[in-house]
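The two complexes that follow have chain A in common; it is paired with chain B in the first and with chain C in the second.
Let's turn to the complex of A and B:
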């Protein structure tokens, strides 16, 4: 895959070129309140793409907080359905944080598990992700604990690294190659590789200091210790769901009908979170997860046990947003440290949970 | 029509009131092509919808051997089931599915089958009962043990009558103590004790159990005492679901996705799951 160099000025010009070519350009930029957020680029006037991690991830670009699945129309003695075509505008993200790009590759697994989630993949296909090796590491970052790094290439089509005078550019996929090829006049020969390597290493070393735990090693302990007293950890949780909202990998959703007068309405899928009591409440009133400890345990289990068991991936990028957003001071870094301590001090557990295999189904219309 | 989340349209053909709050709807596909192609296996579930209230997860209560229609039985408890009760014959519903795994009918062939159900838990069991009865010669002895709180809470009464009159079915119907009327001819007592009393032979048999969690909890030890192996006792779980296809993250029990790994589980599998269902 090719390497190149682009100046800050040319990156700004490139953003304008892409817009003129009919692509939506999304960049991290300070919002009106000064907080970093991903949003539409201001045409042709990009400033440095680095800095703090945007408060929210790229998740909403691919799995919108609310999205129409279909519309129904009440006709005489009948109902007519109009499935929604997912809005998948050709998009380029310039300056994605590598952890946010990695989250997309992680979520591809659940979105393509036997059933191919069309709205998700329509947008994945239409989007090119140009990441920027992270230079905004803070004390809540722990990407190195989940097998990623501030310069991880997972989920990215192009990786930029800020060097003197601009960015070192590395194409990582066919989409990335195509972007460089189509806009080749904006790029020059690669330079600053030594400096890029140095900066990337410095950022990685900085993250490593935050959490010296490999979160992938806690999987087996979690599987064998469902009832462990450690999971009485929900006392400080307000069940607000902020962690799930800011999380790049939390993907639980609800499906609801919104009637619009007598003529019809829209069936939508909306973000949901396992942290609320209604999430698992049965019609009978029975609730399998009937306290906040059980709900918080589910969040930890889904990220570090269930998803890795199923898909061979940790459902966490170590972005640290949940720790930053939690009003109760719940901190996943602290939880992982604690689990790691328990894991080290425990003997091999008696009976790990075994996942039953799904017998093949004959028949079925889909 | 395509789309993972787009239901097939169904017409309500028949409405049967089972009890004061439980109803069965017989539904047929509006699109003749779908009616032809739709097939399922006993134990699978679907996402039923009424437009305006949303979707709800139930088993398919009719047998896959009966083609051209499906049935669902539901109790009015919430938003969707309330609107479902408002439907009249000729009205339109939606259905997505079939989803999930199934009861191991192939393994059950040539064996005795014992069906045990409580209350509306008879719905998923009834699907398997008719499947077995429609292929009667493939199976050996069939025993059905069914109980409800009271006479008025028994569902599928016309079919209970039918099974009672068949020489090739042993039927035990029971009501909880105090639930019997003056003319009650059946058993009185909780399902686990009636299972013990009926004492079906376990040596070459499978058991299919469904009902309230408390009934299942007390029935499993009785079956084990009678000699049923844990991998020959099957039940179906109905955790709350939204997507039904392993995405929305709602039905996990530990690492299990009830929608994809289930809803049918053996007692041996259940034993290994955390107590979160």
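Let's turn to the complex of A and C:
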């Protein structure tokens, strides 16, 4: 795959070029509330690239907080359904965090599992992701513990690395190659490769210090210890779901029918979270996850056991946003450290592992 | 600190309480809520300007995991005490079912993760007009109360700016900040006064409030919340601190506080026997809107 170089200035020019060519350009920039967030580029400026970590992940670009699935109209003796076409504008993300890009590749698995999620894949297909190798944000980063790194290429089409005077550019996919080819006047020959390698190594070393645990190794311990007292974690948790709201890999949604007048209405899907009691409340009034201990266990289990059993991937990119956002001071790094300690001190278990091997819900071929 | 730990140790050792809800060192430079259930665990307790959380939230009947720990003693700052008084006033907590440890607080940090020391610039806005006095609810007082002196709350200046705008300008402002809302309900879940077992916003038959985070649903939600908290919100600002979208919710809660104060002469009180306007009727209440 080709390598190139682009100046900071030309990257802004490129952003304008892409907009003029009819692409939506998504960059990190201050939101309406003043927080750094991914959103539509404003006047082609890329001044916030590599600045503060966007408060929420990139997932909203592919799984919007709310999205219409279909509209219904009440006809005389019938109900007419009109499926919604997913809005999938040709898009380029400039300056994605590598962890946020990796999350998309991880989520592709579940989005193409028992059901092929058309809106998700329409946007995935229409989007080219240009990531910027990360310097490591702070002590809550732990991407190196989930098999990634601050310069991971997973999920990215192009990887930028900041070097003197601009960015080293590396195409990683056909989409990335095409982006470079279509805009080749903005790029020059690759340079700064030694410096880029040095910076990337420094960032990786920095993040490694935050959590000396390979989170992939806790999978089996989790499977065999569903009832372990460790999971009495819930007291300080508010069940607010701030963790899920900022998480790049939490993807659960709720489907609601909203009437709009007497003539019809819209079926929408909205972000949801397993941290609330309502999430598992049955119509009968029974709730299988009846306290916050059980709900937090679910969060840990789904990310580090269930998803990896089913898809061979950890449902976490180590971005650390949950730890930063939690109003009650819950910290996933601390939990992983504890689990790893328990894992090391426990004898290899002969007990059967609680493994979700049930077939896909639809019983289809996927 | 020693005084607080000694007290907690005693309360736990003589089984006066099953849990002391206080603060402990968290990960990194921050503190976090702590649930000490044995005299040994009382050694973890700390209190300083990093202790921002309103621990009265954990006394809400919704917190079944906390309730299962036994009778609580709770560490409260002056602001938290008002929330506790609200829970007692609204019959969610019985006064005799909680031991109140009032800690002297000279103000807390707006952002404890910053690692900065407490100063005029770094203090949480709500501390600016706090008198810092120990609450009359206190069963135990720890430390010498002192009034923080940090000038007037910045939210008031921002409210004055909004008030000076035309209605369409104000609407445009709220439209822009509400466009960031994903209806994650974090503001509701962390609120000490949002204790309903089933929130009106969660009801689907009939659906009063659209749960989708489109602007219509977001406006409906934030207006419902403003109305349901008017005269009840104590201004602890946990909602704004926790909001993953950074929505300036104190603009709404503070405005409602001012309206209630002007019309009903009520400010959040740490005395549960002072009736709040939503739970009391007075013949001289303003009622010119009834025609």
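Quick note on the criterion: the second predicted complex is superposed on the first by the 344 of 366 C-alpha atoms of A that agree within 3 Å, B and C clash if a C-alpha of one lies under 4 Å from a C-alpha of the other, contacts with A are read in each partner's own complex, and residues count from 1 in each chain.
Going forward, contacts are C-beta pairs under 8 Å (C-beta built on N, C-alpha and C of every residue); 3 or more make two chains touch, one makes a residue touch a chain.
Everything quoted here is computed from the prediction, not taken from an experiment.
Peer 1: Could you check whether chain B and chain C clash or fit when both are placed on chain A?
Peer 2: When both complexes are placed onto chain A, chain B and chain C end up side by side without any clash.
Peer 1: Touch test for A:34: chain B only (first), chain C only (second), both, or neither?
Peer 2: After superposing on A, A:34 lies in contact with chain C but is clear of chain B.
Peer 1: Once chain A of both complexes is superposed, is A:10 in touch with chain B (first), chain C (second), both, or neither?
Peer 2: After superposition on chain A, A:10 lies in contact with neither partner.
Peer 1: If we overlay the two complexes on their shared chain A, which of chain B and chain C does A:91 touch? Say first, second, both or neither.
Peer 2: neither
Peer 1: Now for A:110: first (chain B), second (chain C), both, or neither, which partner does it touch?
Peer 2: It touches chain B, and chain C stays clear.
Peer 1: First (chain B), second (chain C), both or neither: which does A:256 touch?
Peer 2: both
Peer 1: Rounded to the nearest 10 degrees, how wide is the angle at the Cα centre of chain A between the Cα centres of chain B and chain C?
Peer 2: 90
Peer 1: Under the stated touch criterion, name the partner, chain B or chain C, that contacts more residues in chain A.
Peer 2: B
Peer 1: Minimum CA distance, chain B versus chain C, superposed model, integer angstrom?
Peer 2: It is 5 Å, taken between the nearest C-alpha atoms.
Peer 1: Based on the A-chain superposition described above, do chain B and chain C contact any of the same residues on chain A, and if so which?
Peer 2: The answer is residues 254, 256, 259 of chain A.
Peer 1: Which residues, counting only chain C, touch chain A once they are in their complex?
Peer 2: Touching chain A: residues 26-28, 30-35, 53, 57-58, 62-66, 68-69, 113, 176-177, 179-180, 182-186, 188-190, 202, 204, 207, 210-214, 217, 238, 241-242, 244-248 of chain C.
Peer 1: Applying the document's contact rule, which stretches of chain A touch chain B when the two form their complex?
Peer 2: Of all residues in chain A, those touching chain B are 69-70, 72, 74, 77-79, 81, 83-84, 110-111, 113-118, 223, 226-227, 251-257, 259, 264-265, 267, 269, 272, 274, 279-284, 286, 288-289, 294, 298, 301-302, 305-306, 309-310, 351, 353-359, 361-365.
Peer 1: Any idea which chain B residues touch chain A in the complex?
Peer 2: 1-9, 34, 37-41, 44, 49, 51-55, 64, 75, 77-78, 81, 90, 92, 94, 97-98, 101-102, 104, 213, 238-240, 242-243, 245-250, 252-257, 260-261, 265, 269, 272-274, 276-277
Peer 1: Flag every residue of chain A that touches chain C in the complex, lowest number first.
Peer 2: So the residues of chain A in touch with chain C come to 31-35, 37, 55-56, 60, 65-66, 139-140, 234-242, 244-246, 254, 256, 258-259, 268, 270-271, 273, 276, 278, 290-293, 323-325, 327-331, 333-334.
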